[in-house]
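Next, two complexes with subunit A in common: one pairs it with subunit B, the other with subunit C.
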Partner chain A sequence: MDNRTSLVDLAIRYGFLVLMAALIVFFGIMAEGFLTPFSAVFILQSVAITGILALGVTATLVVGGFDLSIGAVATSALMLSSYVMVVWEMSALSAVLICLAMGAFVGLINGLLVVKMRVPDLLATLGMMFLLVGAQRIPTEGRSISTGMSLPDGSVANGKFSEAFLALGRHRIDFIAPNLVPLSVIFLIAIAIGVWVFLETTRHGRLMYAIGSNQQAASLAGANVNRYKIVAYMISGVLASVGGILLAARLGRGDVASGNNLLLDSVAAALIGFAVLGASKPNAFGTAIGALFVGILLQGLTMMNAPYYTQDFVKGAVLVIALVFTFALSGRGGRARG
Partner chain B sequence: MNDPAIRLAGLRKAFGRNQVLRGIDLTIPAGRVTVLMGANGAGKSTLVKILCGVHGADAGTVTLDGRPFAPASPSAALRAGVVTVHQNINDGVVPDLDVASNLLLDTLADGSGTFLNRRRMRERAREIAAAVGLEIDVTRQVADLSLADRQLVAIARAMAHDPRLMILDEPTSSLSAVEAERLFDLIESLRDRGVAILYISHRMSDIRRLADRIVSMRDGQIAGVFEEAPLDYSGSVRAMLGHEMTEADITIPAPGRTVLEVSDLVLRPGAAPFSLVARENEVIAITGLVGSGKSDLAGALFGLAPPLSGQMVLDGRPHRPTDARAAIAAGVYMCPKDRLITAVVADFDITRNITIPFLPRHSRASFLSRGSERRTAERMIGEMGVICQTPMDGILTLSGGNQQKVMVARWMAEASRLLILDEPFQGVDIQARRDIGHKIRATAGTRATIVFVAELDEALEIADRILVMSEHSIVGEHRNENIDVSAIMAEVVEAAPARAAGLQHG
Partner chain C sequence: MISRRLFTGLIGSVAMMPGLAFGADMPAPFDNPGAVKIALVRYLSTGDFFQAYLSGVEKQAAAIGVDLRVLDSRQDAALQSDMVDQAIALGVDGIIIQHGLTESMKDAAQRAVDAGIKVVAFDVNVDNAAIPQVEQSDRDLARLALEQALKDNGTSFTAGYVYVPGIAPLDRRDETWQKVKADNPGINQVAEFGTLDNPIANSVANQARSALSANPDITVMFAPYDEFAKGVKIAVDEAEMSGKVSIYSADVSTSDIAAMREDGSAWKATAATNPAVVGEVSVRTLAMLLAGEDPGHNVIVPPTLITQQMLNDLDITNMEDLSAKVPAFAHADVSVPGWMPLPQR
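Then we have the complex of A and B:
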C-alpha cells in the first residue's frame, strides 16, 4: 500500500520531467539533427514569446483569475509598435514604451472589470480579447503595416522599423557558437527568473498565492485583495505586450495574421506548469518548463514532417494529460480552474 | 385536528464514525406549530434532510399519516406531502424566471409535453398564489422581488403540493420585522388548515410568537419537549444548551487601562443601542444565540461593516476602521469563526499560515526572510502546543484543534491592542479547547480580549466578565464569580422588547 502511494507520488512529482526527457531521447533518435545546439536554439526562440505570455497568465492564475486577452494584447502590441514607427515615424524607444503602457492599461481595465464591475474573469478578458482583435485593425482598415503602405487618407507611410527595434527580435549573442542565442531567449530567461523571484520570494507574491487559495481568508488577514488582483492583470498585460513587441521585431512588419496561436500555446504552457514537480498550483518555473515542453514537441514533430493539424492535436492531448496529472492524480482539485 | 401527522421512532444516522442522530423519537402533530431548537451540530439539519429526502436514515422509522415514509429523493418527499422552505431563500426559487414559472416549477420538472402554454400557466400560478394570500404580479421576474416576496413565492410553490408537513428552516434570518410578520400570518393560516409545521429557529421572539410546542435537541437526541401552556421558554433553551458545568477555576485579575470604549452602538435598524468597555488584562466573553448579533459586533470592531450609529474609541482615539487592513493597522486583530472558509489558506503550510497578516515584519524591501518566518512559526507552535511534524506541514494535515491553534497563533504572533476571537472553540477537541483557552488568558495582560461564543460553558471557562447579547444588543453583564447561570439563561432568551421596537421602525 505504502509502496503504491509513494509510486503515485513519484509519478506526480517527476512524471512530467521524465516525459520530457523521454521525448528528447525519442526525437533525438527519430529526427536527424534534433540534438544539436542549433535545434535547441530554434526551440528556445519559438518558445520565447509564448513563454513570456504564459508567465503573464501565470500571474493571473496565482490570484485565482484567468486572462484570455493575452493573445490579443500581444497582437495589438505588434500592430501598435508597427504603427508608431511606420506611420508616426517615431523612435524604437517610444514604440516600446507606448506598447508597454498599452499593455499595462489593458491589464488595468481587465482588473477593474473583474474587481469593481464584478464581471467573471473569463468573460471580462474574453470580451477584452474581442475588443482588441477589432480595435487593432481599425487604424489601417484591416491591412498589415509595412513601409510604403498607403493609408486610409490616401497618403503613404514612409517610416520604417529602426535597426535597434529589429535587433530586439533578431540579434544573436555569441554563446558556445558565434551568433547563436537570440536576444528574445535572454528576455524569456530574465522574465522567468523575475516572475519566479516575485512570486516565490516577495511578500507580494506570497499574498497573491494566499488570495488564490482563499480570498476571504487573505482579506481578513489584511491583504488588499482588489489591488493585488489588478496588479496581476497588469503584469499579464505588460508581459503580453512584451511578447507582441518581440514578435513585431522578429517579423519586421505589422502582420495582421500573426499571433493566432499565441493564446492557446501560452495558456497550455501555464496549465502544463501546474503538473511540473507536482506543484498543483500555478508557478513560474513550471510555466517555463511547460513552454519548453510544448516547444520541444512542436520542433520534434516538425522535424519528423508531421502536418500542422497533427501538431494542434498533440498539443491539445498533452494539455489534457497535464490537467489529469494536476487535478485527478494529486487529488487536490480545489484550486484554480483551467 | 390533533392526529399525529408525522411520527419518528428510533431514528439514527451516522456520517462515518460521527453519530449525528442517536435515536430520535418524536411526533409532529397536524395543525400545530412545532418549534425545533438546537445548537450548531445538534443534528437539526440532518433530521430535516432525512425528512425531505436528501439523506436516508441508518435505523428507525418515520410514519406519515400512519403509512411508512422513507423518501428516496427530495421530489419523492414532495409528492408524499413533505415540503421544505430552506434557510437560503434562493434555494427555493429560480431568480431568472418569472413568478408563474417558479410556482409551477415542480410540474414543469416532471410534467409531460414539451411546449409551454403561457396563458394556462399564468392562470394556474394565480390560483396557487391566491391560495396562500400572496398578492403579486405573476409575470414579474423573481430576481426583482424582495427577499420576503421570494420566500413567499417559495412557500406558495410548496403549498401547491397540498402538504401534510411543512418544514421551515430559519425562515426569518434575512427578513425585516414587518416581512417576518407577514410570514407568521401565513404560517398560522396554514396551521389552521391542518398542516403540521416544523419550524426551526433560534430567535426567541419568533418562537414566542409562533410556537405551540417546543422540541429541544442536543447532541443528536431530543433533550426536551415543552407543550404545556404557558410554554417554558427558558427551560427549552437550557435543554438545548445543556449546562454540565465545567469547574471554572477563573481568578479574576485586576483590570488595567481602558482600551476600547463603545457607546450607543446600533447594529441594525430598530435594535437597542448599547455600550461596553474593554480593558487591558481582561477577557470578556460575549454570548448569545445564533443570530443575536455577535458576528455583527465583531464585524463592526474589525471594520467589516460599520455600525449604523454610535462611537467606538480605541486608546482615546476614534476607532472607525473601513476594512480589515485598517483595523489591523490600529492594533485590532480578529480570529474569525468558520476557519476553513474564512481563515485557513489550504495551499499553505503551517509557517505561511501563521505569518500572513504580518509579512512586512518578515521581509526587507519586500523580500521575505524564510529564517524570520521559521523562527516565528517555531515560537508560536511551541507556545500554542501545536502537534505537528515540522513547521512545513500542510495545514490540512492537522486535526481541527491543531488547525485552530495555528489560526489563533496567527493573531498572537504580534502584540495587539484588542484581540477578537469569534467562536475560537468551533470544531475543536476538548484538549485543544483547554490549551487555546489557557493561552488566551495567559497572554491577556497587555491587551483587551473579547471572545464571542454561543455556548455558555465556553464563556464560563474563559472569561472574567460575561456579556449577553440578544436581538443585536447587549442585555446583561456578569462578573464570572459565583455566577447565576439561570439568570444568564433568562437573558439569552429574553428579548422581546428590542424586536417590538423594530416592528415600529420597520
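Then we have the complex of A and C:
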C-alpha cells in the first residue's frame, strides 16, 4: 500500500520532467541536428515571448484571477511601439517606456474593474481584450505599420525602427559559441527568476498565494486583498507589453494581429506548469518548464516535417495530460491527505 | 418635401464631382450620377490586402459616381448570407460579393439575381452562370515567382516550402508548385511547414528556424504568401544564412518592399496583384453588367513580377512608389469599355 502511494507520488512529482527528458531523447534520435546548442537556443527563442506572457498569466492565476487580455495587450504594445517610432519618430527608449506604461495602465484598469466594479475577472478581461484589439487598429485604419506607409491623412510615415530597439529582439550575445543567445532569451530567464523569487520567497508573494486559496481568510488575516489583486493584473499587463515589445523588435514592423494564439499558448504553458513537480498550483518554475515543453515539441515536430494540425493536436494532448496530472492524480492525493 | 432619392442624388453629386463631369458621356443608368446604389458584401476585411481592396472599390465607385454601401460580415459565413438579403432589402442595383464560402453564398447570390440585382463575385465561387467571377490568378502568381526562382537558381536545387492546406488561394498556388516540381526533377523539396497562427510571421519564423537547422542545405525557400516569406526571412537572418538562401513569394506590401530591399536580403522576388486594382476591376465589372454589357464570366486580373533588383534600380520604397513606377502594377486593362471613367492617380 505504502509502495503504491509513493509510486503515485513519484509519478506526480517527476512524471512531467521524465516525459520531457524522454521527448528530448526521442527527438535527438529522430531529428538530425536536434541536440545542438543552436537548436536549444532556437527553442528558447521560440518560447521567449509566450513564456513571458505565461509568467504574467501565472501572476493573475496565483491570486485566483485570470487575464484574457494578455494577447491583446501584447499586440497593442507591438502596434504602439511601431507607431511611436515610425509615425511619431521618437526614440527606442520612449517606445519601450510608453509601452510599459500602457501595459501597467491596462492592468490597472483590469484590476479596478475586477476589484472595485466587481466584474468577474474572465468577463472584465474579455471586454478589455476586445477593446484593445479594436483600439490598436484605429490610428492606422486597420493597416500594419512600417516605414514608408501612407497615413490616413495622406502623408507618408518616415520614422524608422531604431537599431537599439531592433536589438532587443535580434541582438545575440556570445555564450559557448559566438552570437548564440538572443537577448529575448535573457529577458525570459531574468523575468522567470524574478517572478519566481517574488512569488516563492517574499512576503508579498505568499500573501498572493494565500489570497488565491482563500480570499476571505487572507483578508481576515490582514492582507490588503484588493491591492494585491490589482498589482497582479498590473504585473500581467506589464509582462504582456514586454512580450509585445520583443515581438515588435523581432518582426521589425507593426503587424495587425489579434494575439489570440499568444493568449492560448501562454495560458497552456501556465496550466501545464501546474503539473510540474506536482505543484498543483500556478508557479513560475512550472510555467517556464511548460513553455519550454511546448517549444521542444514544436521544434522537434517541425524538424520532422509534421504539418501544423498535428502540432495543434499534440499541443492539446499535452495540455490534457498535464491537467489530468494536476486534477485527477494529485487532487485525489490532496483530498486523502486533507 | 425632398424625396429620399433626390436627397441621395444631391449628396451624391456633391461628393462625386468627377462623376458629374463624366455623367453625360456614360450609358444608362450612370448618366444620372448618384442614382445607382451598389453594395460590397465582405467576408474578410482584416489586414492590409483587404484594406487596399476596399480603397480600390471606393475610388472606382467614386469615379463612376455610384453610391457604395459596405457590409462587413467579419468572417461570419451565415451573417454574410444575411447581409446579401439586407442589401436586396435596401434596394441596391448591384452587389459585389467579396470572399466567402460557396456553400453559404450560392443560394444568397441566386436570391439577389432573382431579385433583378446584378452580382459580381471576387475570389469566391458562387457557381452561377449569371455572375461573373473576378479573380486574381493565383496560379499565375506562383508561376511568375517560380519562373524567377528557376532563372536565378537553375533547375536543380534543394528547396523548403511553406504551405497550409485548405486555404483556397494557397491551394491554387500549391498546384503550380507541384507542377513545377514534376517538370523539374532536379528540385529536391526537403522541408514543408506552415501555420496561420497569429502573428503569422512570428510563428512561421519559429518553424523556419527548425526547418533550416534540420536541413542546412536548403538554398531556395518558396513561401507563396508574404506573411510566410516575412517569417522565413526572419529565420534566415537569425540563422545568418541570407547569403545562401533565396526566398520567392507572392503578394506585396510596403513593409515587404522594405524587407526585400534590406542589405543582402534573402527575399529575391515576389509576384503580386495590386489589391486596389482588383477592387477597381470588381466595381468596373459590376458597372458593365449594370450598363447591359458583358464582361465575360471569368474576369482575371493579371499579376506582376516584382524583383529585389527592380525595387533597388527604381528606388521604390512603398506601395505608392510601386504603382507610380511600375505601370503594370497600378492599372489592369480589364473591364475597361470606352465610356468607363478611371480613378484619378
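To be clear about the criterion, the second predicted complex is superposed on the first by the 327 of 338 C-alpha atoms of A that agree within 3 Å, B and C clash if a C-alpha of one lies under 4 Å from a C-alpha of the other, contacts with A are read in each partner's own complex, and residues count from 1 in each chain.
Assume contacts are C-beta pairs under 8 Å (C-beta built on N, C-alpha and C of every residue); 3 or more make two chains touch, one makes a residue touch a chain.
All values derive from a computational prediction rather than experimental measurement.
Annotation for the three-chain superposition on subunit A: subunit B and subunit C fit side by side.
Touching more residues of subunit A than its counterpart among subunit B and subunit C is C.
In the overlay built on the shared chain, the residue A:Ile186 is in contact with neither subunit B nor subunit C. Contacts of A:Ser219 after superposition on the shared chain: subunit B is touched, whereas subunit C is not. In the superposition on chain A, contact of A:Arg143 is made with subunit C only, not with subunit B.
By the document's definition of touching, neither partner reaches A:Val314: not subunit B, not subunit C. Once chain A of one complex is fitted onto chain A of the other, the partner contacts of A:Leu131 are absent, as it touches neither subunit B nor subunit C.
Once chain A of one complex is fitted onto chain A of the other, the partner contacts of A:Arg203 are limited to subunit B, with no touch recorded for subunit C. Once both complexes are placed on a shared chain A, the shortest Cα to Cα gap between subunit B and subunit C comes to 27 Å. No residue of subunit A contacts both subunit B in one complex and subunit C in the other. Residue ranges on subunit B touching subunit A, taken from their complex, read 302, 324-325, 328-329, 334, 336, 341-348, 352, 356-357, 359-360, 362-363, 366-368, 410.
Those residues of subunit C lying in contact with subunit A across their complex are 45-48, 51, 164-165, 191-203, 205-207, 209-211, 213-214, 216, 230, 234, 237-238, 240, 253-255, 257-259, 317-320. Put simply, subunit A touches subunit C in their complex at residues 31-34, 36, 38-39, 42, 45-46, 49, 75, 78, 141-144, 146-150, 156, 170, 179, 182, 247, 250-253, 255-262, 298-299, 302-305, 307-308, 311. Put simply, subunit A touches subunit B in their complex at residues 201-204, 206-207, 209-210, 212-214, 216-224, 281, 334-335.
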